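As written, the chains take the letters A, B and C, and residue 1 is the first residue of each chain.
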Amino acid sequence: MKILFLCGGVGKRMQPLREDKFFFKFLGKELLLHHTGHLKALGFKEEDFVFVGNPANIERLRGLCGGGVKYAVQKSPRGMADAVLTANEENLIRSPGEDLLIVNPNDILEPAAYEAILKKGGARGRGDANILGYKVDKYFPGGYLVVEEGEKIRGIVEKPGAGKEPSDLINIVLHLHRRADEFIEFLEAENERRGKGNDRDDVYERAMGRMMKAGFDFRVVEYDGFWTAIKFPWHILNAMAYFLSTTDKLHEKQVVNPATAKIPESVKVEEGAGKVVVEAGAKIFDNVVIKGPAYIGRDSVVGNNALIRGSQIGDRCVVGYSTEIKNSYIGDDCWFHTNYVGDSVIGNGCSFGSGAVTANLRFDEKNISVAVAGVQTDTGLDKLGCLMAENCKVGVNASIMPGVRIGANSVVGAGTVVTQDLEPNKFLFFRAEQTLRENRVLRENRLGGGKKEEGEKKEERLSLLF
Amino acid sequence: MKILFLCGGVGKRMQPLREDKFFFKFLGKELLLHHTGHLKALGFKEEDFVFVGNPANIERLRGLCGGGVKYAVQKSPRGMADAVLTANEENLIRSPGEDLLIVNPNDILEPAAYEAILKKGGARGRGDANILGYKVDKYFPGGYLVVEEGEKIRGIVEKPGAGKEPSDLINIVLHLHRRADEFIEFLEAENERRGKGNDRDDVYERAMGRMMKAGFDFRVVEYDGFWTAIKFPWHILNAMAYFLSTTDKLHEKQVVNPATAKIPESVKVEEGAGKVVVEAGAKIFDNVVIKGPAYIGRDSVVGNNALIRGSQIGDRCVVGYSTEIKNSYIGDDCWFHTNYVGDSVIGNGCSFGSGAVTANLRFDEKNISVAVAGVQTDTGLDKLGCLMAENCKVGVNASIMPGVRIGANSVVGAGTVVTQDLEPNKFLFFRAEQTLRENRVLRENRLGGGKKEEGEKKEERLSLLF
Amino acid sequence: MKILFLCGGVGKRMQPLREDKFFFKFLGKELLLHHTGHLKALGFKEEDFVFVGNPANIERLRGLCGGGVKYAVQKSPRGMADAVLTANEENLIRSPGEDLLIVNPNDILEPAAYEAILKKGGARGRGDANILGYKVDKYFPGGYLVVEEGEKIRGIVEKPGAGKEPSDLINIVLHLHRRADEFIEFLEAENERRGKGNDRDDVYERAMGRMMKAGFDFRVVEYDGFWTAIKFPWHILNAMAYFLSTTDKLHEKQVVNPATAKIPESVKVEEGAGKVVVEAGAKIFDNVVIKGPAYIGRDSVVGNNALIRGSQIGDRCVVGYSTEIKNSYIGDDCWFHTNYVGDSVIGNGCSFGSGAVTANLRFDEKNISVAVAGVQTDTGLDKLGCLMAENCKVGVNASIMPGVRIGANSVVGAGTVVTQDLEPNKFLFFRAEQTLRENRVLRENRLGGGKKEEGEKKEERLSLLF
């Protein structure tokens, strides 16, 4: 069997975060490697893996996944069908009698999802294709499977609207094609039909639809474990919460458990709500409190009196003195110092000056909305802090309002209140008109008796540039 | 004996606090209930109690004091005489041979004051009326008792001026009238004399003066225990200090003593200066320090590393991570998070964003004055923080200057410095002119060698609305 | 032997710090007393000491050094030669057969330097004068000794430029003149030659140069221990670091060692990088962390949860709750409260409001430069906080940018970002234009369902004076 990872897509809804979603690290490992890890645990070898990337990410893909796997590049990404056909043109996926498993690495699934599709979908006589069907209990704006006669799929209906769902099963892109040859032919035919330059993303789905109509046997593999798709930047927090909930399954060798690590006695580790993972090389200083679930990356330092709860801290971070990180995703190489960072996503290499704070709750306690690709989008969250890309710097005593997005390499000046999104490579500061005058009050104080000092009373207005 | 509580007065000097003073809770119980509690402990029953309220507070009075007591309503409050006469018109206080005890529930007295007036004043042959005389050792702007021949009172002199005091005894409204019938007749006559619509507050005192002249025997009951009147909002802090000093007399059942409660070992409770009371349901997190005297209300949470000293925290509050509450009165349902709140009165339902601070000391270290009803009034305090009514919200990194009053339901924006009083239902924020420019510095840094990048240098000025 | 301390110089490069450098206290003792202490330990008596001051500092010098020593006053300080000649005119240094040791008390040397020059320089037949030669391993802009034939000095070359050094030995003003009579004559002659009113500082060096040419035998005493000169205000931090490194040599009686003092068990003292000294009367509260090297002066208080590392705290200071003092020199009588003070020099009597912060790192991470006497000077430090003279006050939530100098008796308003140097006796605050409007959001919230309230929408702009 060939396993095809769809790594070529380019999303715009993740702004300000610029990394491909599957490159985000969870528990110290890129999301993509979590997928391959699950599959390796089920017996697959690197030679079974094919990654379809794009010109912008292929180098990083190669660096991450190594030389034992195969790669194809979508020169100008035009959706899933284009990805499969590109891999096919490179002769990477079609070999007689082999099945084809298509994986969307931006989805997060439990290992059980892989087990299910491979065990059930791979069983003898089990149809021509198998699709993972995620069981929902309320309406979700995705593609619903039309299921009849047991597990047979008759079609897929995109976003039918609440109350009009043909089933309670959503199409998840974990597809096992057992007739890969025919599937590719249908893709080619559908692609031809639409003409070159067609970048509609439904060629893949239409090709499957035609196969179903032509009598190919599609089956559903039901799945009711954890699933989330990372579509918007705040979904990183959902994904993090999932991975943090899995840490009790980590190998002891992978993590330094606080119970065995050399952590000062004054550090309080509370695991009532979830495990606390401290990676090798991390240092926890006196009087720190860590409330699980929490993850502290390699060689990171948690300074005195800090509080970390429900958060993932990347590698080589410094969470300095008297800082609270709550329910936040922190990348690698970040520095904090007397901050509050709550319900936030902070990219790699960011630093916060002392007293800088992320506000995470509106005064009116309404849901926080974000302008995604120009469209104001309700996040569904009443608590959301900052969404910050990599290499940003935040000045001392700065305040970042809920849901604000800050582009990569941008800087927020000291004492500045950030109420609007900030594009990449910007420097935002508030130009304070300041007043400078003689310090009369202290002088009077020393003269005593409220006696006023005569003389100079000049007052100067300054418009300061920082 | 009937006990008449004067609950109908309307004060304007307590702004921004709007509640009647006797509704303020101390040690988890409204001030009014402290008064009734003392009297019940001396054997009085609910049927002896008469409360004179006003249209605005009668419902709340009924809710608080229940159905076993009697109520009258001053339709348009016109002072103490009006209150007594209103109760009399309802036939609530005059019954043959019964004494009448008049209580001002805005005063705070030790139980010993009640014991004294009832024991001494109620003794056989002990005059026609008894007045509690509070012993002062320096001039106080109140009504001084003119005392002759042992404990006989010849008159009351209002605010005689320092050095002209007729005695060292102040008239405290804890009056035991043993000739209630005649007293009410004198009140009616004095009221008549002054005409309807008279709202002068001295009808009561003048009636007593006429009785004295007519030969009625008024006696003083000297008292040198604790007394304070709540006249200005900062007096809440005096009252709090008194109640905090009494907690060693609380019943074990009422409070969860830190010594017996399940409080983490890392919490430091210092009772050198006063007892620490933690009510049932309250949770104290690791590394908290509480310096007595202090009171933590029911179901409140004190977050990690917080410091509480000399303060009362109401019910259902959250004193979050790394917050200091010092010498402050905090109402119910308040939230704090990395704040410093010092020498402040904070009403119910207020919340402070991370980094918000109350300044409590002027730069010139002079006494802090407050504009009470338009008149700048020296509080006599060089340390005074914020006086905040209920349901206010303070943004992250905001700063509130000493003595500032903030009306109910008002909001202070992030990073805003509040230097003036804020009326109720307002939103105050600072409209920062901000500058947005290309972040050249970091780019140069990466190019290395101080090399300057040519090109775009646009600078944009933004006037941000929050 | 007479020992002459050159205390008359007036430096301008130390702004905003105004004290003479030798008055700065290290480990609770003025720098000048460290010098005299070393010499007393080597057997010298007070009667051997001569201090040459100036009109501005002579009273303080007398107060510090007492009546057992001798004083001269340079009426208008004109350099080292003038200082020696002034002392000579007062007949304080020339007595037959006595040696003259000249000490610059602004230099910091180990006791070993005194031992070396006195032992080696004072040895029989050991030349006519001895100069301490500090061994450098890279170029330093000072006076280099031209050394020939073993330890004989042939001349001094001022700032020869890198690569042109005549030796690796710098002239340190610890000079032992064994022919004091002739030396003074040479000084007088050189002074005469230059004319009255000459304030060039090289008369002293030229006189020595002429002596060398005339055949007097000058020798070098090599020294490779610690040496630093305090020239710029940030050098105070170098000096502090040195003194902190010496505390293991303090007498047990002088200091209260944390190991023996009554310090709460919850306090963490880490001495891995240097000893922690706590003077008598100091109080350390619960949950404090002190990381050596560190020094806490007499009667100072370190509040709960504070962190002190690599710093000296003066006498009678209060380092309040949740404050971090890192690598900073703090004078006497300073108050802090929830602050971060890093890499800073803070004069006596300063106070910081809650949330005030010193930034100590530029966004571009370049070296911090300071305008010394009008000339922008690279400090060589990429971490430098604030340089603050005595009796300053910093408002709550204020931010002071890296390398900013604040003159004595100046005040920074609440929430103000200080980006430029502040002269003495100033009051700087930011005049925020604020907006006051009806608090609609909360009302809508209460009305529910997003229903908007009609009516008043007035918005008022305020230009607030603090």
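Going forward, contacts are C-beta pairs under 8 Å (C-beta built on N, C-alpha and C of every residue); 3 or more make two chains touch, one makes a residue touch a chain.
All values derive from a computational prediction rather than experimental measurement.
The touch graph of these protein chains is complete, with an edge between every pair of chains. For the touching copies subunit B and subunit C, the fraction of interface residue numbers used by both falls below half; the interface is of the different-residue type. Subunit B and subunit C have CA centres that are 50 Å apart.
The set of subunit C residues that touch two or more partner chains comprises 266, 287, 305, 322, 355, 363, 393, 397, 411, 415, 427, 430, 432, 441-442, 465. By the touch criterion stated above, subunit A contacts subunit C in their complex at residues 264, 266, 285-287, 304-305, 321-322, 337-338, 353-355, 362-366, 393, 395-397, 411, 413-415, 427, 430, 432-443, 461-462, 464-466. Across the interface of their complex, subunit B is touched by residues 266, 268, 287, 289, 305, 307, 322, 324, 340, 342, 355, 357, 359, 361, 363, 391, 393, 397-399, 401, 409-411, 415-417, 419-420, 422, 425-432, 441-442, 444-445, 465 of subunit A.
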